[in-house]
Every structure is written in C-alpha cells, then in structure tokens.
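To keep things simple, chains are lettered A, B and C as they appear, and every chain counts its residues starting from 1.
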Amino acid sequence: MTGLEGVGRWFWLAAAAVALIALPWLMPNDFYVNLASQILVYAVWALSLNLLVGFAGMQSLGHAAYLGGGAYVCAWLIANAGLGHAAAALLTVLIIGAMAGLFGVLALRASGLGFLMITLALGQILWGVAYRWVDFTGGDNGIRLPSRPAPFGLALNQPAPFYYFALAVFAVVLLVMWRIAQSPYGAALRGTRDQPRRMSALGYNVWLIRWSAFVLAGFWGGVAGLLYVYYNKFVSPQALSLQQSAEVLIMTILGGVGSIIGPVVGAVIITLVKTVVSSYVDRWNTLLGVLFLVVIVFMPEGVVPGLRRLRRRFGP
Amino acid sequence: MIAALEIAGLSKRFGGLPATQDVAMRVMPGERRLIIGPNGAGKTTLFNLVGGELRADAGSVRLFGTELLGLSTQRRAHLGLARTYQILTLFPRETLLHNVVLALMGLRRLRWQPWIRLAGQRALHEAAQAALARVGLADRAARIVSETSYGERRRLELAMALVQQPRVLLLDEPLAGLSAEERGAVQALLSAIPRDITIVMIEHDMDVALAFAEQITVLHYGQVIVEGTRAAVVADPRTKEVYLGG
Amino acid sequence: MQFWVIQTLNSLALGGLLFLLSSGFSLIFGLMRMANLAHGVFFMLGAYLGVTLLQAGVNFWLAALGGGLLVALLGGLLERCVLRALAGNEQGQVLVTLGVSFIVADLCLVVWGGDPIPLSPPAGLRAPLFFMGLAFPTYRLAVLFVAIAAAVLLYVVMERTRIGAMIRAGVDDMAMARIVGIRVSLLFTTVFCLGAALAGAGGVIGGPMLSAYPGLDSDMLPLALVVVILGGVGSLVGSFVGSFIVGGLYSFGTALFPDLAYFVLFLPMLLVLVLRPRGLFGRTLA
C-alpha cells in the first residue's frame, strides 16, 4: 500500500519521521520552513480527497468547497462572530461535515460523469456565493484571520512552531487514513469502487458506503481548510475556485491513486513546482494544464506506480 | 409448507417491449429448479427482478413468505438471497481469498469498522480459506483473480455465493464457457450443495442441467410456457416447439 | 416598465447565448459520454478572436463565423490528437479537457492581456428600437433571433438529415450505431467541432453584451452545466428550455438580488437534482 515492503519499509518510515521532525534545523531559512508547512496543509487536503478518488473511485471536481469552506467558516466565526479558536474550529468541522452530507446526497443522485459534474457545479456555486455576497464574505477582498490559534498556550506565530503544529495534524490524518485503508470499511470502499453491483448483491449498502466516504472526505477537507486559514491568516474566493479543485485532484492522481503515500508525493511535487514556477514566470496555469495532460495520458496510475513500471521495463 | 420462492404475476416492460409477462412460479425448499428457454426468453431479466437490480412493473416475489419487491438488493441478500452472474463480476485485482472475505463480510457488522486491521481477523480468514477448500481452490488462495483460469473463477464465484449461507441461490449459467473437465468439477460442486439451500438455475448445457434439475420451468418471450417435473417437461410437445420455432 | 423590458430582453438574449454554448456541450456529452470542460474556454476564445477580427475591420457577422470556425479547428485538433488517445476513458478525457482549458485561458491572458475588452455590436443594431413608448435594446433582440435561428437549424439537421439521424442513433445506443455501420470516430470529430463552433460563434455574438475578459470561461461554464443538469443531457429541446430558464433566473437574479444571484440559480438546479436527476428532458446523468 505504501509501495515499500518488509524491513526496508520501517527503515524508510523512521528515516522520514526523523527528517520531518528535524526539518526546521535542516532548512537554511524561514522561507523553506514555511514552504514545508504549506506542503503539509496541501498533503492533508490531498489525503482527504484520496478517500473519495482513490478508495471509493469517485472523481470529484469540487473538493475546494471543503478547503475554502472550512477556511471561510472559521475565519468568519472568529473575525465577525467573535468566537474563540477552539469553538470556531469545532463549529467549522461540524458545519463542513454537514455541508458534505448535504452535497453528498445531491452528488450521489448520479455516478461517474454525472457525479463529477454535480460536484463541479456545487463547488462553483460556493465560489460564486463567496465572490458575490460581498456583505457576508467580503467578496474579492476575502476575510482576514486576526490571529493563529494557541493550542495549550503555545503561540504558533513563528514558522517553526506552526510547522510542528501542521506536522502533528498531518501525522494524525495520515494515521487515520492508514487505519481506514487497512480496515474492513476500507476494503468495502474499494469493493464498491471495483464492483458496485456485486457488492450490493453481497449485502453491502453501496449508497451509504459512498455517502459516508463523501462525508469523511469533506470533513477532513474541512480540517485542511482550518490549517489553510491558520497558515495564510486570510481566505479569498480563490480558495473555492475550480482551479483549486483541479490542483488537489491532480495532486491525488499524480502521486498515485489508492495509496497513502501517493497524494502526499503529489502534494509535494505540485506545491514545489508551483512555488518555483511562480517565482520565475506567471504561467503556472499553463503548466498545471500541461501537467494534467501529461499525467492523464502517460501516467494515469500516478508517479509512484508509473516509475515502478518504467523501472521494471528499463531496469537491470 | 411455505414456498422458498413464490413468484406471482411478475411483469416488466422496457419501453414498448414486454420482457417479463405475468410470470408465476413456486419453488419449494430444498428444490433444484431449472429455468430454460431460448436466448431472449427473459431468464436473466427474471433473475434481475428477483435480485432487485430491476424494478418490476407489477407482481410479487416472496422469499419464505417475505415480500421482496420494494426492498433494495442488499436487503434481499440479508434475507437469504444469493446469486451468481452470467458475466463474471469478481474483484480482479484482489486475491481469491480476499474475494471470499468480502463475500463473508457483506452480511456482518464488521463491514462498517474503520479502524481495526482486516488482515488480523483470523476467524474470518480461516472461514474464507475453508470456503475455498470446499471448491477445490485452497492452494490458490493467494493468487490474484486476473491470474486464474476461467474455470477457477467460476468456482470462486460459487464459493462467494455459498459463504453467504443463502436460503435461495440463483445460478445464472454457472457452466457457461467451461471446458468439459471444468464442467465436471463444477457439476460435482453443485450436486454437493446441501438441501437447506434451494437452487434456481438458468442453464443452456442441457445434459448437465437436465441431470441436475428436478423441476423445470420453460420461458419464452418472457412467459412461462411449460412447468413441471423433468420427465413431464421433456416429453411435453410445447417444449420442442419453443426450441425449434414458433 | 422600461426596467422590465430591459431585464426581459437581457434574460432572453442571455438565454440565447447559453443555448449556443450549451447545445454543443449537451450534444458532446450525449454522444461521446464526456463532459467537455473546455467548452467555457471555447466561448471565451471565440470572444477574443472576435475582438481581433473586428479590429482588423472584418464585418461583425463574418467575424462571428470566423471565430466559430477557428475555435472549431482547435476543437478538432483537440479531439483527434488528445481525446482519441484516451478513447474509452471518459473520465480521463474530461480531466484532459480541464487541463486544456487552463492552458488556453492562460494563453488568452498572454495574448490579449488582463483588461476586459468590449466588442461593439454591428452598426445597424446599435440604436434602440422604439415601440409603444419603450426602448428595446436592438442588439439583444438580434441575439435572440440568431439563437432561435440556430436552434431551428440544429433541429432540422438533427431530425431531417442523415447526419442528424446518425447523431441521434449514437446518443441513443452507441453499440447499435456501430453495428449498423455508422462511422463513429468521424461522427465524434464532427460533433465536437460543431459544438466548439457554436461556442466560439456564441462568444463573438455575446461580445457586445458580456465583453471578452479573463474569467469569462469560468463564468459561463457553470451556467452551461446548470443548463444541462436542468434540461437533460443529449436533448436539444432540453438545452433550449434550460438555457432560457437559466438565462432568466440569472439575469433577474443579478438585477434584483445581486448578492444572491447564485442562490437563485442554485435552488431550481437542486430541486431538479432531488426530484428528477435526469433533468427535464434528458437521459440519466449516470
């Protein structure tokens, strides 16, 4: 599932854990620590979508609704409703979870392409609302988050503390996704992806399984939204755009659908490329489009499995 | 005694085309019922109606007295209905063992568990292994489905249906596409199925099917033409008519 | 009263534009079973090409035709070179069209810049028509007539010509169509180019109303999606009715409740999804 077998796997995992924990000391300056934090935020988001795309086999083009939605709800609750961080975070994930529940009911009225289109339409509607309902959402100006949270009194304003906070959340989400993947529920999810008709005949409630995956993906997407708004201290309609939904989808597909490491790898690659490209040239959108084309046509199963396949073909 | 499967007035139209017309059938517990008829007679449609994948226009289907129409496919599985398909629908990227594990899990609460390790469920895996052994696939349990022969896949499908411990088992052409040798193996398995499972089978291979069946229903253009014991149906002139024209 | 006249004609004209946009989208979806997410960018590219052609002194209606043809050319290239390579993988095709939409949108930004560029309507249609003491925006009326003419033409092609029969056969039952000997791959290219042409021409025709600006594609694509969800996939009548419903809701919504325009659009789409997932006229989205 992670692409590594046996003793080698534990070694690499341990090495990665050590590297991640030591990262702030290994990086030359704050810029890179912040970049790492950003990657972690997107990795959490990609992991949440992977539940839907990789495990349940349902392609969604509206996942920005949960990142942006979570960010907006949290920012609004704190900036405009005066709630404290703990209450706002809790309320945000509950609201986003409920929204995912509602959207799931609507989107699951169809499957395959119909599902894709409905998720796209729902995501666009949320974006349109954020853009137009200026009184409520600030329109193009967005909403500013006055402060980052201070869990257990620890301030997160500096790059390194925030990085560890993000790393902790990432570790939790990674653990949750891993447990789901090797659980009976995870097996049922993959079953509905491969043979929904057979699963029904075997006694599984395919609709309920899909809907629950949708809600879980939305919920954890909302958690990513919280991290997103804490990191940026700001949210604008851009967070709800189709482009954002496309970015997270390509992250999930690029790394390798169906594995846990895949979306993380995808998040790393896309975020790095985007940051590097954006500093030299304005053509990130074109590159994103080209990436889509290349990945879908030549490496539809993702980088990790694709590289493995190429190595088998051309290796020793 | 209550019928295992009682169908009455079952009808289904596709647009203007009547696929199933007023079909009635009474299958008693432990019976071996064969459904035959030329291509397009509506046999698989009948199974899809009983299984819940198609919604009937009219009629009733009772499983040991419980009305099935209006219930979802998965609900019917929980009530004791299992089936195999004309076109194999297995999980191609999984091992044979995992296929059976999925079949076993379908009726257990375990299937909703998101945290525990599935691979650590010893009892479940042992039961799956035993099920594979009963169909002669124990030594191939760790193989991926896509790496097995067609005959092995048919047997796997049967194993998956049997682990559901159904009360009524619908078999849709279980012998289709098998070599003579594989057919013998599957035939032996079918004969060994205990009598607490009622079997309704669609089949084209007349020799095996006729040997297996006790009661036969002949369908043509979605209607029941002849029904009765094997001897009676074989002797009935209408049966020959259905197959030779008219 | 004047307000209602303007608003009504705005909705009708928008409905007409949406029909030009979504009829192609619906046909492509119905026949090729894939959602062409590049359709919004076809519309926008058409508008920009219209800008350039008009600046070069080309007659407005010829520019519309030219824009349509050039976009059709791009569509044909896309279909033959990329989509063909993913035959059978409809979800992959959809994602690829999304990628193409990013590329084309970005390139439009490079070529034409970030400022909105208005298009002037043809000279004869600039002055309003006066009738019963009310002023009717003439160009909006023209757009409506063009859309209706296009609808009638499409209807005639679909119902009365051989190619229309082939398209309908393909939409209804692809397997059967192949068996009967219809050259499906040629049909796909034709329909894709036709859809692109309609979108491109629509972009030029819509130019005087909407202008050409970056983001026009992301504004139009969701509207086309809602039209198809409402009207049903693969149905010309559905696109027609759906376009005017959406055009009306969006125009009046934006005019009367500017903050909540998307909600006004939202609600009927949700109702249709909940009560009748295959839309008012079409087949299942699944």
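Everything below uses one rule, namely that contacts are C-beta pairs under 8 Å (C-beta built on N, C-alpha and C of every residue); 3 or more make two chains touch, one makes a residue touch a chain.
Bear in mind that the values here come from a model prediction, so they are computed numbers and not experimental data.
Participant: Quickly list, by label, the chains bordering both chain A and chain B.
Facilitator: The shared contacts of chain A and chain B amount to nothing, since no chain touches both.
Participant: Relative to chain B, which chain has the most distant C-alpha mean position?
Facilitator: C
Participant: Distance-wise, how many Å sit between the C-alpha centres of chain A and chain B, to the nearest whole number?
Facilitator: Using C-alpha averages as centres, the distance is 42 Å.
Participant: Centroid from C-alpha atoms only, then distance chain A to chain C, rounded to Å. What do you get?
Facilitator: The mean C-alpha positions of chain A and chain C differ by 32 Å.
Participant: Using the average of all C-alpha atoms in each chain as its centre, how far is it in Å between chain B and chain C?
Facilitator: Distance between chain centres, rounded to whole Å: 48 Å.
Participant: If I count partner chains per residue in chain A, which residues reach a count of at least 2?
Facilitator: Residue numbers touching two or more other chains: none in chain A.
Participant: When you check chain B against every other chain, which residues touch at least two of them?
Facilitator: If we look for residues of chain B contacting two or more partner chains, we find none.
Participant: Which part of chain C faces chain A closely enough to touch in the complex?
Facilitator: Within the complex, chain C contacts chain A at residues 29, 33-35, 37, 82, 85-86, 89-92, 94-96, 98-107, 110, 218, 221-222, 225-226, 228-229, 258-263, 265-266, 269-270, 273-274, 277, 284-286.
Participant: Inside the complex, what are the residues of chain A that reach chain B?
Facilitator: 179-180, 182-188, 191, 194-195, 197-206
Participant: Any idea which chain A residues touch chain C in the complex?
Facilitator: Contact set of chain A toward chain C: 59, 61, 106, 109-118, 120-121, 124-125, 128-129, 132-136, 241-243, 246, 249, 253, 283, 285-286, 288-293, 296-297, 300.
Participant: In their complex, what parts of chain B are in touch with chain A?
Facilitator: Residues 51-53, 72-74, 77-78, 82-83, 85, 89-94, 98, 101-103, 105-107, 110-119, 121, 160, 164 of chain B touch chain A in their complex.
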